[in-house]
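Provided herewith is a single structure, encoded as C-alpha cells, for subsequent inquiry.
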C-alpha cells in the first residue's frame, strides 16, 4: 500500500471512529471543515489553494496531502501549484522546505 | 495619526533603514517577498488572498493589515474577504479570532 | 478606560460586526466556540483552565485575557491559576513568559 | 513491536542518553517537566488534561501520546478525553485533526 | 517614558510579582532561564545570538527586545546582528519581517 | 538504508525535482537558504548553531537533522551541541523534547 493509500485508509477509518463518539462539538467542527471549502463568492479551486497554503505555512503534512489531492481534483495546474507553494515558502520560510518536498512528491505521485 | 497610517509610516521608514544595512541576504529576501505576489499562473488577487490567509493562520497582525490593503487594491469584495477569513478561521482555530477582529476593523476603516 | 475595558468594548463591538456579515461558516464557528466550554463530562471550570493553557502556549494575549476572566468567574483560585500557568510555561518554554506577565497583571487587576 | 511500544522504548533510551550528557540545564528542565504535573492545588488528572490539550494545539504527536497514556492512568474517561479533544480542536483549528486521529487511535489501543 | 523603558519597568515589576507567588515550578523555570545563557562550552555572546534568533523565528517581540539588549552588552556588532537577523528571516519567512522592523528600531534606539 | 541515508537521498532527489520546476521565486529562495549560512561577520559554525536552535524551537525534524550534520562538519563538539540544545529547550519548552531525542540520536549516529 502506498503512503497516499495508507493516509486515505487511516483518515477514513479514524474519521468514522471520531464521529461515532457522539461528541457534538467535534461533529459540528468536522461539518464546518467540509462546508468552508464549498463554492461561494470564492470558488472551490481558490479555497483549496487557500487551504493548501495555510497547511503549508502551518507545516501539517496530512493537511497538505489532503489539499494537494483536492487542488488537482479542482483542476489546479502544476504551474499554479508551484506558485502557491512559492507564496507558502516565502511567508513561512525555510522550515517549510521539508514539507514542500513531500508536497511535490505527492503531486508527482498523483499525476503519475 | 490613525493606526493604519502609523503602520504605513513605521513600515516604510524601517524598510528603508533595513535595506540600507547592506546585508545582501536580507535585501534579496525583501525583493523575493515583493516578487512572489506578482501576476503569473495565478493572478495577483488570488496570491494576495493566499498571503492574507497565510498571515491569518500564522497570526501576524502587520502582515494581515498589509494583505487586507493589497486585497482591496486588487478588487476583493467584502464577501470574498469574509470567505477567505472563514478558511483561515477553520484552519487556524479560535486563536485566530482576535486577529480576525482587527482584520475586519482594518477592512472597515479602508472602506470608509 | 483601562486596557481590560478597552479589550471588552472592542471585542463586543467587533463580534457584532463580524456576526452581522452573514457568513454562515464564521457564525457557526463562533457558536461552537461558546458551546465547547459548557458543562459536560468535564465541568466549565476545568474547560476554562484547558482554554487558558492552550491560549498561553499558543501565546494569544486576547485569548488569555478572556480565559483568565472566565476562570475567575468559575471560582479558580490564584494558586490554581499559577499551577495552570506553570504547566503552560514548562510546555511552551520561555517565550511564554511575556504573556505570563500580562496574564498575571490581568489576574491582579481583576482581583483588585 | 507496536508503535506505542516503539515510542516507549525510544523515549526511555534517549532520555537516559540525554541525562547522561552532564548538561545541568537540560537535567533541571527534565526534572521540572515531571514535577509540574504532580498533585497540588490542581490534581494530577486535571494537570494531565492541561498537558494533553497544550500538546494537541501545539501538534506534538509524541507529547500527545505521553499525555493520553497518563490521562488514562489518572482515570480519565473516554467522554472526558473527547471533551478535552474538542477544546483543543476548536482552539487549534482543523490542523489539529490529523493529530486528533492519532490521539484517538492511541486511546483505542490503550483501552484494548 | 520610551517603549524600551516601559518594557523594562513592566518586566521587572511583573517578574517580582510572579516570583513572589510561591509557585516552585515557575521559580525554577525562571532560574533556569537565566542560567542557560551563562558562559560554558559556548560563550554568552553566542548564546545570546541563539536566544535572539530563536525569539525572532518564534516572533516574540519582548523576547527579541531582551536579547537585542543582551547582545549589545556582549559586544555584538551591527553587522553581526544583521547576519543573525538574516538567518532568522530565511528560516522563519516573511512573517518575521514586522518583528525584524521592531528589532532594528530597538537596536538603533540602544545605539543612540 | 538508515534513516539518515533515506533523508539525504529523498532530500537530494526532491531538491532537484523542485529546482527543475522553473519557478524563479522558489529557486531564488533555495539559493538564499544556502548563502545565509556562509562565513561573514559571524562564522559558519555560529550560523549553523543559529540554524540548529531555530529549527529546534520550530520543531522541524528534517531541518534539525540537516543542521546537526552541518554543525559537526563545522567542528561543533558534543558539549557545544548540548548547550545549543539547552537554549532551544528552555526557549521552546517541553514540546521540544521529542525533537531533542531525535537530534541526539542523529548526533550519536554521526559520531559512530
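Per-chain residue numbering starts at 1, and chain names A, B, C, D, E and F are given in the order in which the chains are listed.
As a convention for this text, a contact is a pair of C-beta atoms (placed from the backbone, for glycine too) under 8 Å apart; a residue touches a chain by one contact, two chains touch by 3 or more.
Note that this is a predicted model, so its numbers are computed, not measured.
Think of each touching pair as a link: the shortest run of links from subunit A to subunit C has 1 of them.
The chains in contact with subunit B and with subunit F alike are A, C, D, E. Residue numbering at the subunit B/subunit E interface overlaps only partly, since under half of the positions present are found in both copies. When the contact pairs of A-C are matched by residue number against E-F, B-F or C-F, over half are shared only with B-F. It takes 180 degrees of rotation, in steps of 5, to superpose the Cα atoms of subunit C onto those of subunit F. Mean C-alpha position of subunit D lies 26 Å from that of subunit F. Here the spacing of subunit B and subunit D, counted between their Cα centres, is 36 Å. Across the assembly, subunit D contributes 25, 29, 32-33, 36, 54-55, 57-58, 63, 79, 82-83, 86, 89-92, 94-95 as residues in contact with two or more other chains. Interchain contacts join each chain to each other chain, per the touch definition above. Of all the residues in subunit F, the ones that touch subunit E in their complex are 32-33, 36-37, 40-42, 46-47, 49-51, 53-58, 63, 77, 79-80, 82-84, 86-88, 90-92.
Contact residues on subunit E toward subunit C in their complex (touch as defined above): 10-11, 14-15, 17-18, 21, 23, 25-26, 29-30, 33, 54-55, 58, 60-63. Of all the residues in subunit A, the ones that touch subunit F in their complex are 59, 78-79, 82-83, 85-86, 89-90, 94-95, 97-98, 100-102, 104-105, 108. On the side of subunit E, the complex with subunit D involves touching residues 24-25, 28-29, 32, 35-36.
Of all the residues in subunit E, the ones that touch subunit A in their complex are 57, 89-96.
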